[in-house]
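Shared chain: chain A. Partners: chain B in the first complex, chain C in the second.
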Partner chain A sequence: MSHHHSVRPALETYDFSPGVKKLSLVLMVVGAILFALGVFTNLDFPARIWTTLLHNSYYFLAIGMTAMFYVTAQTIGYSGWVVLVSRIPEAMGGSIPVMAVIFGLTLIFGVEHIYEWAKPGAIEHDLTGLIGKKQPFLSKGFFFVASAIYLVLWVVLTQWVRKNSYDHDNDEGLSRYFTAKKLSMLFLFVWAITSSTAIWHWFMSIDPHWFSTLYGWYTFCSAFVAGLAMTCLIVIHLRSNGYLKYITDEHIHDLGKWMFAFSVAWTYLWFSQFMLIWYANIPEETGYFYDRFNNYQVLFFANFVINFLFPFLLLMTARAKRNFRLVSFVAVMVLIGHWIDYYLLAFPGAIKNSHYMTSGAGGDHHSMLTMAGGGHGAGEAVQIFNFGIGFLEIGAAIMFLGLFLFLTFSALAKHSLVPVNHPFLRESADHSTHSL
Partner chain B sequence: MSAYTSPVREPLVTGSKTYTDISNDICKPVEDRPSLMFMIALIISASVAVMGVVCILYTIWMGIGTWNLHRTIGWGWDITNFVWWIGIGHAGTLISAILLLFRQKWRTGVNRSAEAMTIFAVMCAGLFPLIHMGRIWDAMFIFPYPNSRAGDDLLVNSLWPNFTSPLLWDVFAISTYFTISILFWYTGLVPDLALIRDRATGWRRKIYKVVSFGWTGTARQWQRFESLSLILAGLSTPLVLSVHSIVSFDFATSVIPGWHTTILPPYFVAGAVFSGFAMVLTLMLIARSVLGLKDYITMAHIESMNKVILLTGSIVGIAYTTELFMAWYSGNLYEVHQFFESRAAFGSGPYNWAYWMMMGCNVISPQIFWFKWARRNIAITFIMSIFINIGMWFERFVIIVISLSRDFMPASWATYSPTWVEIGIFVGTMGIFMTLFLIFIKVAPVVAIAEVKSILKSQGDQYLAAQAEEDKRERELGTGGSLSGAFHRDKDGI
Partner chain C sequence: MAHKYLVGMFDDEVPMMNAIEKVRAAGIAIHDAVTPFPVHGIDDALGAKESRLHTAGFVFGATGTAFALFCMTYISVFDWPNVFGGKPYFSLPAWIPISFELTVLFCGVGTTIVYYLRNGMSIFNDVEVYDNRLSSDRFGLIFDLESMDSGEADRVSGMLRDFGAVEIKTQEMRNRQPSMDEQAS
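This part shows the complex of A and B:
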């Protein structure tokens, strides 16, 4: 326990350490080279390139967004212990504007490559007639207007929450604290609705015939675990490099609990969605999992093992959650794991769509036939779908990770690491997981 | 123990209580003679319970034909009531397990009574599937044990339950839930029962001596107590999610439009917590006033519970609208029909009113709790809690009865209304619930005494006021911001 410290948490500044700066730049450059290599070898396969950009830009955007979700939910929940940690997720939120722009540009230029419903003549080609029935939701106009609204709201609200928090450092009163509560409420309200509606458009509509009511909450939970893992990693990095010395293993223990709990929650949602669709066995719904289960089998199981078994078994005990190395290891694993989860949300559908539109005569039937694994498409399907993960995907992931770290640590260096005037700061510094 | 608590927080024990005050105040209802009002309430509740038992016996004697179920609507009030009662139990488990993990200290004011409600509600819930079996004497068939029901060879030919049926999963889920809840509740009660024992005389002392298991409050006993509580809290946490998720599987594993929807498990859990908190508020708003516990169940407690209600009510609201959207988005004729014509679109089905009862009570009206004045208004809170109890009953009615009433074949469409027997059983379970609850407040402390004492030094109003003074003094001395002294205070030994 943190008794008898001779000093109290004061304004603490972080200098963007040359090591981290170099690392983030190297990641960006190496990633960009690999990505460029991937682009070069996939010029005839634009769907893969655009889906890679969609996948990675959204994944890192969502990590920033869920970090802000974490901060605002803690504000609403009167959380005291988290105050010393809170500047890290707030800094992660600093990456949101840039990521949102990249993501928005990906939507604008990639829309026809990623989404079957956005391709010219999609409605006429769709023998099921479902895309036609889903108008205007699956039309470019609706899609872009809605996307713009979501992204603008997300950027404005998250940056507003951040600004208010940083302004509090120069203001000893409580007014910023109460403003933080109001802003958090507003952000959470908007996020509760738009995190679902946005992901329906951006990811679920890649498989335009499929639907699942749980999709929004499931994808949110996936990104949330990733956001928590990234928070853990950055907090442990700073703590290990001499910053934030009031953060003890008590705080890491609590962060570990969050990662553990929401990994289990993710598994619960994964299981609920999968089991109910498997059990009811309605062809319209099972097609989604049939494709992933058969054509992406390794990733399908890796998703479950990495995101459930790793955190569940490794972080089960209290001692494990206080072990910085173990927590870091699990955090890295689940960051990879949920990247795979988002890959599986986007790629199977997008690749099938590209095949469906380019396969020429007879291709009109493909999206239905290959979904059921029957017809003459089955043999081709394996060949086309089973490309796995290559330079392109890995390069993009490294590139975006570098960018994310660069933006986050830049934001971190701009403000105090300690929210010195927060009314719960002393509770956070006194924090013990055993205290009542 | 008493770590620093920011004076920004609202006190959770008011009236400058000492430890002795806490013991006296909370033991008082148990130690006083029952009041006339209490006896009247008990007699009414018990009479209603007896009426319910009569209806149950009548059903068992005559058969399920005494209900209005038919081929189209095979689940009606029975299963609606079952899910409603199970849901009500969830507040207790959430408060005792999840809020413990989240270190929400206001839980100590209401956990005891909420856990008691969990147990009584599960008891009421469990009655319905049993009675609905028709042949209740065959109830043991649901348990998988080696038997000779189907032949001579014990293990090969015997009849086993259908392990792929969610109805069987329910048996395990609910019996586990009931067992863990009752253990958790009773474990917490032991120190408080010992306190009553120590204050009692005569035959009461003898009884409390037996039920408090020889508790003397030694360090070793507390150490065992804390370990056991932690294990039970750990076991309860997944149960908060699993029980109602498995109840939702009863519906969602099917292919019936309105039942088969993937959001059902988490949405059922949120709805259960929502309805549970409503029931806790309904009863505790009365209890805190009648039993004189306003210093222990303060406006801060009520406001916190209203926030949970706003949150969970909005979550179910998002789930309802997600279902509506997906029904449209699916392009599936039957889904569209179920969610719009049978449910939401006024004037297109016989049960549209029930859907809007649900929407109005569960989603629209709780939005008033965005306002602080409403969250801290007893009358509004009480009325809202009743609304939500009604709305959540209608939610289950909507899901079960409306979905069944219009399935794939228009020729089999039908409507349903309960008989007096079905209504009698439902009202009877309320009598059973109230009777058990009234007995509980008379024999056990309705607020967890030991737990409230554990937060007194950090959350009591006099201590928080002193802390505010100290912080202010240090600010004036210019030792820097509201933080000064964060690490100078010697807390050891407190």
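This part shows the complex of A and C:
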């Protein structure tokens, strides 16, 4: 076989294909209709509506953010093979500003519906006194200032990294490359800290009495696998439609390896968190799993099976990672799986909290008591712990997916699919692990 | 049982890769290739059989998992059941880390042992090397002289010289050495 046959990939433009445009618009419209239907049937349960928005807007924001994490981490790692792929995660990063705005608005208008600690009189109602002790962390002022800082930093830094990369196309030489290195370091430094602290505010504080030191890594891994899965799907879609002709089985193989490896990393963290809490058996900590295990049993196990067993067993062999159909199938499964993972982060706590504050008849602290007893308060209807996944959740997911695809493919169509002046471009085109 | 090999040595991987391609195209069987570091793409170029070492690794790993779970189940459920922290006798989640560790241990140690047994470098073998510099700065292609007559051996030597071999020698070994395909299976 010959080893010196490569040519430097040339500039390649992508036209937003009418099929994808139509698909993303249809998804948005159908999703919006289902979502509206869900809203009208759940007007009595605003917590469910707002948590749905929080769940979906954060999930797709996080997919964009982890895509940018992927690009920047590869940049400072001197990674050569990924260069031909990099424009796809960069385009996914193009959805960040819009998603951040939607997410920010959800926080502003939904805060009292989602977070127990944000409801009026939360500190006085809290029998454990923990919400009071966790001031000022669990206060609206701190929450909004911190959230604004996170979102602004994320939007500014990711768009700066993207702009620098696109500008490199019209600027020969290496200065943009060195700028990319510096920007990547800056972004990764900020992301390393804020990806953890932001999720404490936005998701962990939904269960204000509970805490986990693994939470930041675990939720990051969850979103990262979803980001990688979305990258795989878009790359395979473009490759199958005649674009990105320099992307070979080798690149798909490596993307598959990332998806496989981080599915295992996610499982490691998920299990570490579960096992330590299960073993120590401290009520303050086990309450989190007690709720999910008893009231969300199907989703609880589906989460583990879809996000661990599927990628682990299906993507184990080298041949499987080169099979476009199999990689696509696993990618779709883990995208659904991690959506369920985030659902389980947000919903059980938020739904429980909503009862805590709205059904006042049984006294101020009844929810703490009925939680264990199955909700047979005096003269009350049986307490709902789990709304399941209905029109509302599915509609929102479809709507946000459509929006995400629309934004990503519009960003893709604005610039070359090939970063023509990147110094590692040839290396990426020559990439081979010779494993099959 | 003495056995003779023809060793063609190159001072760089590029002429060696080129020589591999040409020699194979001429229909000559390469017994083995020895390089000081892993060379990208050499498996493809040599047409080497895919190693079965990873299958051995999987079997050892599965043995480790089964052994760990069997031991812990026997000890904690049947032989000496004790209640720890209110947990059931069969407390699977707590055993996962130990099962994982034994899987890695069995897989690592077992694969290493099989690796040395198969490539003839274990403590049970009379270990010989074709040339000391093959682990330093020379890239060697090995041909089995017992399976070719002197005319063919001269032809191979000539080809190697043409493709840039810096040294070509006949090495007599005390024992027959396993070929690359024998090492892989």
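One rule holds in what follows: the second predicted complex is superposed on the first by the 408 of 436 C-alpha atoms of A that agree within 3 Å, B and C clash if a C-alpha of one lies under 4 Å from a C-alpha of the other, contacts with A are read in each partner's own complex, and residues count from 1 in each chain.
Just so we're on the same page, a contact is a pair of C-beta atoms (placed from the backbone, for glycine too) under 8 Å apart; a residue touches a chain by one contact, two chains touch by 3 or more.
Everything numeric in this text was worked out from a predicted model, so none of it was measured.
Asks: Clash or fit: what happens to chain B and chain C when chain A is overlaid?
Replies: Clash.
Asks: Which partner chains sit in contact with A:Pro9 here, chain B, chain C, both or neither? Use first/second/both/neither.
Replies: After superposing on A, A:Pro9 lies in contact with chain B but is clear of chain C.
Asks: Give one of first, second, both or neither to describe whether A:Arg162 is in contact with chain B, with chain C, with both, or with none.
Replies: neither
Asks: Does the superposition put A:Ser196 against chain B (first), chain C (second), both, or neither?
Replies: first
Asks: Looking at the overlay, what does A:His415 touch: chain B (first), chain C (second), both, or neither?
Replies: Neither partner.
Asks: Give the label of whichever partner, chain B or chain C, reaches more residues of chain A.
Replies: Result: the larger residue contact count on chain A belongs to B.
Asks: Contact-wise, after the overlay, does A:Tyr279 reach chain B, chain C, both or neither (first, second, both, neither)?
Replies: Touch partners of A:Tyr279: chain B and chain C.
Asks: Mind working out whether A:Leu214 is in touch with chain B, chain C, both or neither, as first, second, both or neither?
Replies: The first partner, chain B, only.
Asks: Just to be sure I follow: which residues of chain A are touched by chain B in one complex and then by chain C in the other one?
Replies: 3, 275, 279, 432
Asks: Spell out the part of chain B that touches chain A in their complex, as residue ranges.
Replies: Going through chain B, the ones touching chain A are 1-6, 8-9, 101-105, 238, 241, 245, 249, 252-255, 260-266, 314-315, 318-319, 322-323, 325-326, 329-332, 454-455, 458, 480-487, 490-492.
Asks: Which residues of chain A touch chain C once you look at their complex with the stated criterion?
Replies: 1, 3, 271, 274-275, 278-279, 281, 432, 434
Asks: If you look only at chain A, which of its residues touch chain B in the complex?
Replies: Answer in residue numbers: 2-10, 77-78, 80-81, 128-130, 133-134, 137, 172, 174, 177, 192-193, 196, 200, 211-217, 257, 261, 264, 268-269, 272-273, 275-277, 279-280, 282, 284, 420-421, 423-427, 429-432, 435-436.
Asks: Using the touch rule from the top, collect the residues of chain C that touch chain A in their complex.
Replies: So the residues of chain C touching chain A come out as 17, 21, 40-41, 43-45, 85-87, 93-94, 96-97.
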